[in-house]
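Written out below as structure tokens is the structure these notes cover.
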Amino acid sequence: MSTVPLLRVLHLVKRFGGLAATDDASLDVQDGEIHALIGPNGAGKTTLIHQLSGALEPTSGTIWFGKQNITDLPMHARVHLGLVRSYQITSVFKRLSVLDNLALAVQAKSGSSLRFWQPARSERARYDAATAVAERVGLGAQLHRLAGALSHGEQRQLEVGLALALRPRLLLLDEPMAGMGPDESERMVALLHSLRGEATMLLVEHDMDAVFRLADRISTLVFGRVIATGTPAEIRENADVRRAYLGDEAEIGA
Amino acid sequence: ADHVKVGLMSTLSGPGAGLGIDIRDGFQLAMKHNGGKLGTLPAEVIVVDDQMSPDAAKQTAERLIKRDNVDFMTGVVFSNIMLAVAPAVFQSKTFYLSANAGPSQLAGAQCNPYFFSVSYQNDNMHEAVGKVVNDKGFKKVALLAPNYPAGKDALAGFKRYYKGEIVQEVYTPLSQLDYGAELSNLRASGADAVYIFLPGGLGINFIKQFVGAGLSKDMTLFGPGFSADEDVIRAVGEPMLGMFNSSQWGHDMDNAANKRFVADFQKEYGRLPTLYAAQGYDAAQLMNAAVRDVKGKIEDKQAVRKALKAAKFDSVRGNFKFNTNQFPIQDYYLRVIGKDSQGRITNKTLSTIFKDHGDAYAAQCKMPS
Amino acid sequence: MTALLEVDSMETAYGSSQVLFGVSFAIAEGEVATLLGRNGMGKTTTVRSLLGLTRARGGTVRFQGERIEALAPDRIARMGLAVVPEGRQIFPNLSVSENLRAFGANRNASSEPWTLDRVYALFPRLAERSRNMGNQLSGGEQQMLAIGRALMTNPHLLVLDEATEGLAPLIREEIWRCLATLRAQGQTILVIDKYVQRLVRLADRHTIIERGQVVWQGDSEQLGADPSLWQRYIGV
Amino acid sequence: MRKTDMNPSKSAPESSILDHGLHLRWSVPLLVLLALLPAIAHGLGEDFYIGVASRVLIFALAATSLNLILGFGGMVSFGHAAFVGIGAYTVGILMQSGIASAWIAWPAAFVLGGLFACVIGLISLRTQGVYFIMITLAFAQMLYYLMVSLKNYGGEDGMSLFTRSDLGMGLDLSSDTQFYFVVLVLFVLAFLAIQRLLNARFGHVLQGIRENEVRMAALGFPVFRYKLVAFTLAGAVAGLAGALLANQGSYVSPSTMQWSQSGMLLVMVILGGVGHLFGGLAGAAAFLLIEEGLVSYTIYWQMGLGAVLLAVVLLAPNGLMSLRAGKKERA
Amino acid sequence: MTGILILEQMLNGLQFGLMLFLLAAGLTLVFGIMDMINLAHGSLYMVGAYLIATIAAASGSFWLGLAGGIVATAAIGVLLEVTVLRRLYQRDHLAQVLGTFAILLMANEGVRMVWGSQPLQLNPPAVLAGPVELLPGFVYPAFRLFIIGVGLAVALLLYLLVTHTRVGMQVRAGASNREMALAMGTNVRRLFTALFALGAALCAVAGGMLGPLLAVQVGMGESILILAFVVIVIGGIGSIRGALLGALLVGVVDTAGRTLIPLLFGQLMGPAAASNAGPAVASILIYVLMAAVLFWKPQGLFPAHG
């Protein structure tokens, strides 16, 4: 592929004391693809996402978004470039309704919020957009319930909705399926499918079934290093990946 | 008028409350002695708390003046509070008889016909000690006061009469608790006398620590009367023994008014009176005399003022008269803390330091007659 | 076999919104039971009511023959109920080893109790990170810790609420193997998980909950034989 | 197809914590009452209470400004009295140098309050939670000790102001009644502005930050900047309150900036209702009136005040306003 | 300055720091570990000092007073916890501030009603009353040495209790996630009551140690409470080690500031200006220190969970 990758991670290192959670990791994500990132627990996937999103500062290495070096950009600036994340551990506004949650997200992307006078509630378009997102993630009937009163699985749906509402170019998804039942997982897979073409995705997920169905390419992270990148078929056959991560699961997904 | 109203606003809560309560108790003892009357008029005394906060004091004073329409006010302990309430008091032409606070501003440029001090001018006590230390021939003196206007004025007052060498002049933060560092420096300074002006709890802290550090053997400790009064003694105890201090009054002073005051105060409240109690008592007696002399016509402000100025009352401190700035001209005594005949630790009056002493600010006062 | 746990027409509400409408099921000593159902159907609420964390409004719960629905959660726990809660709930301000040691006990008087060493042997990853604070663990490591923490109390009844969430396939397999071993040793277990195929292989009995009510109960054979059940209530 | 929607009745909109109405049904009568208050007080021969009312409104203004950051932004500032003090000293120092015009002094107090808040916020807002509480306390203490040692401006003794600021327009602020109306107008204007702001986009962002700061950052909001703006605004309004306070009491002293004063403002807000639009007003009024009432009865008035505060904590989960608002707005 | 003076001043710094630590110790327990902002902590310190002074005066023995005061204060602590404070654990910090502020007001008035407004007397026991000679020419007050000893002992004890016992772990667990700690079988309620009693007892220890140096009077808790908060915030909340080091840092910086800054300013700007600026700077020094520490380390020097 000759085009500039949408995301390019070069020799990224993150140390926590003696532990190198990210250890000279390099990775490309092409525009338009769904790129899955798999690896054992504690391999450094979330840590990598943290660095990509700007929540953690890398010890060394660079991150490129398109042609821009974003290594030192603060989180909010990255969001405005279109680099958006969701959290592995649900982080929603518990005391706000589902609609208000999503409306806040929409607000982030629709002009300045240094507006002190116009009632925010009068922005119909914003609430419509939020409603649309809610429908999309399957919370259309829960608009007015407080996020804190949703069940775990529903909160996970909202978590993804918050990211979606920002109309991302690159969506960093940290275990979106975790905590979802088979039914909801299925719906999430469908949702992510439908986003193809709209957003590029870097997907961290332990649900191999979903990963193999969705991913165009898969990278495997072990001890903070990318040990293999390839198509699902290649990864499934990769002996190292099987040993470090997949075990028998490769068959199940097949 | 058919009765007279007095607003007694003092510090009755918080760390400074001990002083205010003594003023109040002294004042009320006098009222009892007078049968609840001032002169010929039945009197109502409204006691309120200034919370040791200028802001609250201001508010409270307004309430006394505007809502209760008091004829006289008294009671404030602390100078900063006095200064805060002064404008409102003067504006309303209410007579203020200070039972403690005597800030230099009100003795000098901002003196006012409605303000009378029945206590002292703030510098007086320090001047008196300055003179004693000078006269006793101490050559090297260290000074210590908190870093605020009254502290600076205090040491200035001391230096007005002390001419020897000052080896250290230390100002400590107002909220300081521990004087370990200062005591070490003090030991190193080789001073032979120390003068401290540390009001309330600060003084208690310092004296305890001073004695604990063993410095009392090497240097003599001096303070103004209020750093060595009965309230402080009660809190510190034995370590206070031998501390010299100055005062315009002592509970052992030999005059009839004082004997009655001290005896009845002990009977009534079960403790020895302090300077503040004596001042509260005198404030009431001066009010009493003035109302008596104008024959109850307290509406006539000129007459009342004249009667107040005349000060025809038996002060527990003996000699008492007003200067042109309506601050006292009186005697100041040297006291030392020792054990009395009953074995109590208390102040003993030793000698007279100043006779008929006024203050340094009277000259700046252009008092309208 | 006697019933270790008996839940009878349990009703639970959060404030004014009722979630459970008379849930009844029983778990026999040494049995592995499951609760199945879609998201938000009341599985976790059932668990919370068992543990006394959300008080049931009606119905009874018997544990080892004793009524526990009115007891304080810590009493219930000391009787030998331990949970791997949804969302891990690791103590962030305790190190890994402290998380494990703080509540260690031998509540089922096992002759071969779970110890720190055994937990570390099960999850070597935790041994490596033993001095890390709970909040410095990866999601999966936290999950392992939560499981280890529950095992360390050697409970009569072990409750796992989505304990495989966020675990890598290899570790997940490890957990299944471990549960099988536990079962073989006679440990009673209640599992909630989305990998229903696995549960069918592992568990003895299943209870399906739909909108706060039990809609189906049976053993693995029956469940395995009736795919329409899955379709209808679980969505697989 | 929706299976999770097991209880459709719950889909009806619940009142949101983001909405802060003016509750006109009782706020208008309240306003009318406040407007009539001088006349009533005068009629009863209790002119003194006009001054009390001014003071209540001034503290209500300060407390409302604190509530803006505390209740809506989740920033527990333990140094808010410093900004009140800055405003008061602005008036005092200007007056000492012969500038008595309110048109200069009050805006100056507003701007300086904001300026100091901005600088202090730049440093303090790096910290969170209790650390933020303590660092704001630290700055307030620094300012306090600075003023204590500035002998030119009275030091610990403070400055007595012999006149009130001059507003022109034929108004005589030395009249307690006229001063009261000026305070009332300023309070109402500031209050309305804050109400607008809270219901506007900015208010939603601010409250979003209070609810979940990390997530707000992940949504692309420059969180620090919004917090700083709110902190600055609150400082400015507190500065204005300080200017009015200096005029009301004709006195300025470091004690205005003491930590206990910051604590009192905090207590007022918590008492009234954290995150309730009317919390600052309710808290200031309750606190000062309870105090006013108790002080004249007993010197042990703090016992009574303590008992009332304790009762509120135990019985009204989120301050006095939550008693009125009932369960639906419970936190 | 001579060598001995420098040594002495360092000891002073250490001593002042440990003095603050004694008060901060109980605070760390209740605030740092149990995560409960307790403004009434200073009130317990005050009540402890008053009780010790009263019992000591009645019995004529400082040690009896100390022991009796500690027990009585712990009992008062339990009473307070059971009746009021336990209702506040689950509330947010603000409710805790308001509730404990109310208790602080009531405690002050209560003490005033019982003991009056006059300060009380509490003197060190005779053996510790005077100075001792540490080196030739270097005398130091015995009671201050005692404070240093007690402070270090308390620090060690707390450290062991909190970090090396299961009770300590359970307390920390209960504070961060009460529900989960319950679900693991800890009787959080009883544990917290016990811990609060310990905190109250430590308050009384502080009262007994500081009472002979400082005024025993109404309101004695408030000014020093702020300093105690400063200490544990600089050290990092929740960490005993941090509280101790924070205390020492504050003690040394404050002492050094008070001795060195006036000297330094004297040389830089002449005595008159120095006598103005010196104390002003000295009084804000520890606040500057705190602001600086938090600027560079927003979680304090030794964050407990980092």
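Per-chain numbering from 1; labels A, B, C, D and E assigned in written order.
Everything that follows uses one rule, which is that a contact is a pair of C-beta atoms (placed from the backbone, for glycine too) under 8 Å apart; a residue touches a chain by one contact, two chains touch by 3 or more.
Note that this is a predicted model, so its numbers are computed, not measured.
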{"item": "Farthest chain relative to chain E (centres taken as mean CA coordinates)", "value": "A"}
{"item": "Chain pair, B-D or B-E, that carries the greater number of C-beta contacts", "value": "B-E"}
{"item": "Most widely separated chain from chain D, with each centre as the mean of CA atoms", "value": "C"}
{"item": "Whole-Å gap separating chain A and chain C, where each centre is the average of the chain's CA atoms", "value": "29"}
{"item": "CA centroid of chain A to CA centroid of chain B, Å", "value": "74"}
{"item": "Length of the line joining the C-alpha centres of chain B and chain C, rounded to whole Å", "value": "75"}
{"item": "Geometric centre distance via CA averages, chain E-chain C, whole Å", "value": "44"}
{"item": "Interface hub residues of chain D, defined as touching at least two other chains", "value": "3-4, 10, 145, 148-149, 151, 302"}
{"item": "Of all residues in chain A, the ones touching two or more other chains", "value": "151, 153-154, 183"}
{"item": "For chain B, residues that touch 2 or more chains besides their own", "value": "12-13, 147, 173-174"}
{"item": "Interface residues, chain C side, partner chain A - complex", "value": "14, 17, 37-41, 44, 86-87, 125, 129, 136-141, 143-144, 162, 165-173, 194, 196, 234-236"}
{"item": "Residues of chain A touching chain C in the complex", "value": "16, 38-47, 88-90, 149-154, 175, 178-186, 206, 208, 244-249"}
{"item": "Contact footprint of chain D on chain A as seen in their complex", "value": "53, 55, 74-80, 84-85, 87, 91-97, 100, 103-105, 107-109, 112-121, 138, 140-146, 151, 153-154, 162, 166, 183"}
{"item": "Residue ranges of chain E in contact with chain B within the complex", "value": "1-2, 5, 8-9, 12-13, 15-16, 19, 108-109, 112, 116-121, 123-124, 129-131, 139-144, 212-220, 223-224, 227, 255, 258-259, 262, 275, 278-280, 282-283"}
{"item": "Interfacial residue positions of chain E with respect to chain D in the complex", "value": "37, 84, 87-88, 91, 93-95, 97-99, 101-106, 108-110, 112-113, 222, 226, 229-230, 233, 237, 276-277, 279-280, 283-284, 287-288, 290-291, 294-295, 298-300"}
